[in-house]
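Could you have a look at this structure, given as structure tokens, before my questions?
Note that the chains are named A, B and C in the order they appear, and that numbering of residues resets to 1 at the start of each chain.
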Amino acid sequence: MADPFLIGEAMTGGYGAADILQGCTIAVEKGQIAVIVGPNGAGKSTAMKAVFGMLRLRKGQVRLGGEDITALSPQARVAKGMAFVPQTQNIFTSMTVEENLEMGAFLRRDDIRATMEQVYALFPILRDKRRQPAGELSGGQRQQVAVGRALMTQPRVLMLDEPTAGVSPIVMDELFDRIIDIARTGISILMVEQNARQALAIADMGYVLVQGANRFTDTGAALMADPEVRRSFLGG
Amino acid sequence: MDIINALVVFANFVFVPGLAYGAQLALGALGVTLVYGILRFSNFAHGDTMAFGTMAAILVTRGLQAMGISFGPLPTALIALPFAIAATAALVLATDRGIYRFYRKVRAAPVILVIVSMGVMFVMNALTRFIIGVDEINFADGGRFIIAAREFKELTGLAEGLAIRTTQVITVVTAAVAVGLLFWFLGNTRTGKSMRAYSDNEDLALLSGINPERVVAVTWIIVAALATTAGVLYGLDKSFKAFTYFQLLLPIFAAAIVGGLGSPLGAIAGGFLIAFSEVTVTYAWKRVLGYLLPADLAPEGLVQLMSTDYKFAVSFAILVIVLLFRPTGLFRGKSV
Amino acid sequence: MRAPLLFAAVACLFVLTGEMQSWNVALAILNMALVSAIMAMGVNIQWGYAGLFNIGGMGFVALGGLAAVLVSMPPVPEAWAAGGVGVVAGLALGALTVIGAITLVRRMPAGRMRTVLLLAVLIAGFILYRRVFDPAVSAVEAVTPAATGYLGGLGLPILLAWPAGGLIAAGAAWLIGKTALGLRSDYLAIATLGISEIVIAILKNEDWLARGVKNVIGLPRPTGVPFEVELQRSAAFLDWAAAWGFDPMTASSIVVKLAYAGFFVVVLGLIVWLAERALRSPWGRMMRAIRDNEVAAEAMGKDVTARHLQVFVLGSAVIGIAGAMMTTLDGQLTPGTYQPLRFTFLVWVMVIVGGSGNNWGAVLGGFLIWWLWVMVEPIGLWLMEVVTSGMADGLLKNRLIEAAAHMRLFVMGLVLLFVLRFAPRGLIPER
């Protein structure tokens, strides 16, 4: 079987002496959506950070397009085409929406206007608010700015850490729709979600983590159909 | 009642000096606030950075004067300013490389960096003293007055004169240009925006591929330019003495904090607020009131709220009042 | 084992100075080193125990000095008669105004009414205060201005000034702490820096209090410390000196310095003993817990702000005691000589170099850094002379030799930077 586009394989590591991740594997194919779900403290965000290089791995490997990137810094991974949207503090609050997008494209030297148009097409409200400081926007709009900023690097992989945390259900559905749109353009999506049911519904691949290890790995639909997963993690 | 003469006295002794002093403080506070916003510590070496820059300007000025170069009615120090900025920038960049960078790498607590800046303050102060000594130096040349008090009286026929010194006008104009350039830079250039982004959210700036070392280096260069300009303007307006620059630290920090640490706009507002308060509170209002009040109500005393020696107390009082009612400063600064 | 060795090494420095230069100089340095060690203890109590960033040491040192004058100098009855009541009444009015304003702010709901009333109280209070205070001050300052021109002190033994200096400093610290503690560390730093400048400004300008820049000289000495001239006139002393083969002039001055050193050692020992006990007590452990993790300590129910206020007042009191001791040693109060580099920042160098959080470290830092501060200049001069001995006389040579005078700050800065970089826990680290 060919290597997935992005894979963090058998990752073991943590922040201090204790390993939070215990040989967990996360992968996403080109243009697909992979979702990491699991109970609190399962190491979901940690796994994501490990893939992005914000955590030193003791064992395991991260490969992007077949290339070993385990040793690269997060910044170098950005240059390789990975983008990350942190769960909190994911926008420049004192800067305007447009400046946020510009900063997202900081590494690019070419014309960024076309990409910015794409972001505005995806999130039309941002076009209207482009001169407003991002800190003045509503929670859902802030998330849009955050995703938009990450898209400005024209990434091949977009990683989202709980993008719907703290937003209303309507906004959440809207955001998920946009994430599907993004995946359709060929960008791989890897995200951690608290709202497991809705997230798995749009996922091509789902990973259920428990205590830093893979408990279930299957397509989103299969996981939704699995009675054990439903009982333990989706609330029946 | 003689409003015009009262206004002239007010302008002569309060408004014009306050404006010039405010501009100097604003430039100084901008430097402090930038270091705070980007490097996230209160730089106690800032006063001595100003002194070093001014010293460099004085040395270049002397060189220029020796070569017979002058700037007509303007002080020669203005020609020297770019050279002095370059020298100061070199010094602070070297300081950053040799000293501060290590603490960034180990992610030291901000307060450790403050103590480090104390060490830098000692060394910079010593450097300045080594090179130029401790004597008071007047280095303003060119025309003394745009308009002298006597000319003004003759021109207007008023009883009171309004003297506007060249240095005061230069101070205000240069400060305005410097502030304009800074805001243009921060608001419109890629590098400037990356500085704001870094100041706003360091982690996200890193995720966006902004190179922190570059941001820091550019910040130091700008800080050196601001400090040198502020120092030279203050020196032209008053005189240069290594020690007085250390003492400016208090009003400068008060200005930066009152405005909101990390907020450039706040630094400017704070600078003028502190300057005008200092001048207003320590000015003897007898003459102004003498013109405004009927003769039998004219005050006997000086009507000076506080002796000029207590000007520190003024900066301090404003600082405390603002902090009690608005802890993040007038323009909501950062809180670390 | 490390600490005794380091202390021995520093002792060697003093012995060397005594042997090579003169014992008079060595003892003079030692006396100020003892005082400096106490100042360093004060800063260490605030910074090392509790992480409070006070850069207003100079102000507390000066308040201690003021205490020395207020306690030991004889009162000036003429001045009291001329304006004593007025000065006291004026100050009381001023204090009442401030208290009134504070009560007003606390008691009344916010609103336009409160603002107007507050302004009215402040303005009326200020005018009243100036009306009463100003003429009284003029009257006091007019009484034999060349010799007194101030109210004088209480005429009590100067040793009482040491605890009094601590009390005055503690009072000032309480006021500052009440307003500035609980704010961020940078703000406390700037606030203390500001207060210290204000204290010096008051000392320089309020002539009625301690003669301002006219200085108060000829402070009495502690009982047991003789004047040099008295010794030189005493037959017993002259015989004793002759028996040992000492020059009476030098011997008298050394004896006086030794007497001071005796007093200072006792005070230092007492403070170190108390500080060590405090540091090892539950209170000390709690302080360090708060310093290391304020949030956790607060969550555990510790009143962080109150503890901070306590430690801030204590540390400032210790600095005040040292200030009073220094003025006693100098025998005069000269407000013009108080400089922040010397009395605030240098003490910080002592604490950091010695080892913050460790009492013995602060003491060691006090000794070592004070010795360096004094000796850097002669050593630098000597170095420069060696360096320039081969040079022709000229501008560069003169410049280099002149530069030796500014070596102090340079060396202190370098020492601080090197210690912070390579031994951030100081010479004697906290256990």
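Keep in mind that, in the parts below, a residue touches a chain if its C-beta (ideal position, glycine included) is under 8 Å from a C-beta of that chain, and two chains touch if they have at least 3 such contacts.
Computed from a predicted model, the values in this text were never measured in an experiment.
**Student:** If every chain is a node and each touching pair gets an edge, what shape is that graph: line, ring, star, complete or other?
**Tutor:** Shape of the chain contacts: a line, open at both ends.
**Student:** Measuring between Cα centroids, what's the chain most distant from chain B?
**Tutor:** Chain A.
**Student:** How many angstrom lie between the centres of chain B and chain C, each centre taken as the mean Cα position?
**Tutor:** From the centre of chain B to the centre of chain C is 30 Å.
**Student:** Indicate the whole-number Å distance between the mean C-alpha point of chain A and the mean C-alpha point of chain B.
**Tutor:** 46
**Student:** Quick check: how many Å separate the C-alpha centres of chain A and chain C?
**Tutor:** Those two chain centres are 58 Å apart.
**Student:** What residues of chain C sit close enough to touch chain B in their complex?
**Tutor:** That would be residues 51, 53, 55, 126, 134, 179-180, 183-187, 189-191, 193-195, 197-198, 201, 204-205, 340-341, 345, 348-349, 352, 402-403, 406-410, 412-414, 416-417, 420-421, 424 of chain C.
**Student:** Write out the stretch or stretches of chain B touching chain C in their complex.
**Tutor:** It is residues 42, 44, 99, 102, 110-112, 114-116, 118-127, 129-130, 133-134, 246-247, 249-250, 253-254, 257, 261, 301, 305, 307, 309-310, 312-313, 315-316, 319-320, 323-324, 327, 335-336 of chain B that touch chain C.
**Student:** Going by the contact rule set out above, which residues of chain A touch chain B in the complex?
**Tutor:** Spelled out, the residues of chain A in touch with chain B are 74-75, 78-79, 83-84, 86, 89-95, 99, 102-104, 106-107, 149, 153.
**Student:** Which of the residues in chain B end up touching chain A in this complex?
**Tutor:** So the residues of chain B in touch with chain A come to 190, 193-194, 196-197, 200-201, 203-210.
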